[in-house]
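Scroll down for the structure; my scribbles are underneath it.
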């Protein structure tokens, strides 16, 4: 019998410093494109991230996935490495990336997706940079344009 | 002429006691799998539920559905039966279910869906158990694994 | 290589007066259908709107779209025209519409969609009328019923 | 034995239309002083009000005051008269007042204070006009300036 | 030189089951006074507590008090004993008390106050039972009525 | 006749980078006392600040103080100088201070207080560093201990 597909979400918090800039651009160009976000002395944010996994309900436990287990995996593979850190210089898996929220959310997806247990899939990440701005990624790829 | 498909959502609040456990398991096994949520003396939550219906806009009223009417239907069929209640022992339509948020949201869907007026469909339920955890259900079924 | 499709959202605030009614109905009929929302002396709301655009990440900037630019476009084409206004009598592009949240969100979509730069598409509008009620529109049309 | 003095608060919601202006000023003067808030076609808000009463804990019930009873009194004497209304023209006890949040909160205090049961006193009102602006009043009077 | 007196607050979360009733009253009397809160099968809440301490700023650290240290003390003496618990039957320091929010906040005050380090004083507790209801206690006692 | 004393509050947002440390301490000592907040590569926050002024209501306008005027003064003297900045190295009026939330709020008070117009006084600052931590200052000084 077909089973309901349910999504469960855990929301977590961290904070970090960053700046938006390209090392191959002049300071003027960086300031022009990224405005105050290019400040060479850094700025920072309290980030909120919502991690959503999807699957059927395990008939034995009533869980799609134990949210404590999900929290532990996200903490170990993501939060512990970015909380109270500088995203430009201290996070190996962001190296070479301009840490916009867009690049950041895709990098988190790439890290988290293979770490989920079998039977569930990573369905959505929502990353809030401020209470007014957020990005979402569901693993979707654009059709090639060529 | 094709008409816009719009979703309207009403958010409601209730609180309830529950515990997570299986009567056919030992206390030890329940504690191991469900942790403090298995506490035999119960614990409880303030739940928030978002009920979303989808349809075209009635050209006469400008409504997809009167949200006051939606609120009344959800109150009568769901909220009044779970608010200030014990989900394990006082709610006939949860009988035999371990009241995880996942099982709970699917049971609410099953109750609410047939009660909506013609012309709209139940599109999504979001059920918050704490400000950090929520589940979503859109009525989707998993393909049979055969 | 296929590129990730990411959604970025900017949340904005405004407030306005309105009433729900049809000029071709009697006051009694309006009161019966729209309740206190039909009050001829108006009432009002603090609205919150979330504007979501979708696209691939520009490899040069790391942005799907500059959210400052998005904010400016939404402010100019929508917020500046409805903030501290009366939706029934002061907004040309709502003329002839009963300003329900449903009609309002579709009218905003129609205005905003052509104003986005090439490379991104308007993916979703969420319009909150109160902290308990919101509508969503993603540009989807209902299949004709013929 | 001296008893603890505890404050209990109930938060309630309503929405209303208003404009800020003085009938004895020209439109120009009103626009200059009150900006877009003077719009003759009105605008409106979702208000949140927090009503706080203070007293000792009734040893029989464990309540300072039944919050359901408090809610009923606030609804009857305040909310029912302003919700979905125009503050300038439909509320007798605001007549002659420019409905700024400051004047509004003092008028609510004057109405509510005599309606509380003996044994508790009205301790504070907090009135939110937007998520960014609020006023507070605790019944305090300024020393006369002579 | 006189030093600024600053208040620092840490907000924490827990959830619990409870019911409001007096064992020396009949079920009818309990239901009449406490309404659905008297449900013999329990109900529950997500509580939020704000713990505020006041003191001068330590010139060496710039802290009034290390908020990590405050969090640890509150967790050990309060949260760990009430989280996922039944307030009526599992918490020795609430024994014999009807667990209204008022009685609960005073009991927490009594526990926490002696546990703070010298140099700071417990200045305020705010305990939210639902997003609409909260109580505050600042350690103040009512003048005896004699 | 004595006039009501009313408090009006404006809430504003900014973000910044900082680290907690003393230049006269070793890295080890800084890490021991300030934990991850001492990270030499910085971290950051989205701050929220609530600025409260108190006064009587101007009988001509119905305002204690025009909140737009208050916002402008706070933006010019505080927000514009800290938003998207590094609190340790880019803010002259924080120079030599360890930028804990406690030191920060007192420094903001010292700047803002003389800038208010006559007739109102700065009554309270609340500074949120994260959604779980905040500090408050009302200009009060501790009695000298000597």
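We just call them A, B, C, D, E and F in the order they show up, numbering each chain from 1.
Here is the rule we go by: a residue touches a chain if its C-beta (ideal position, glycine included) is under 8 Å from a C-beta of that chain, and two chains touch if they have at least 3 such contacts.
Model, not experiment: these values are computed from the prediction.
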Handout entry: Joint neighbours of subunit F and subunit A, given as chain labels
Key = none
Handout entry: Cα superposition of subunit B on its sequence copy subunit D - rotation in ° rounded to nearest 5
Key = 180
Fill in the blank from the handout: Separation of the C-alpha centres, subunit A versus subunit E, in whole Å, is 35
Handout entry: Rounded Å distance, subunit C centre to subunit E centre (Cα mean)
Key = 42
Handout entry: subunit D and subunit E: spacing of chain centres that average the CA atoms, whole Å
Key = 28
Problem - Contacts with two or more other chains, residues of subunit C listed in rising order - result: 131-132
Handout entry: Every chain pair meeting the contact rule
Key = A-B, A-C, A-F, B-C, B-E, C-D, D-E, D-F, E-F
Completion exercise
In their shared complex, subunit B is touched by residues of subunit C numbered 20, 22, 33-35, 97-103, 105-106, 109, 131-137, 139-144
Completion exercise
The answer for subunit C against subunit A in the complex is residues 1-12, 52, 55-57, 60-64, 67-68
Handout entry: Parts of subunit C lying in touch with subunit D, wherever the complex brings them together
Key = 13, 15-18, 36-37, 39, 41-46, 83-86, 89-90, 130-132
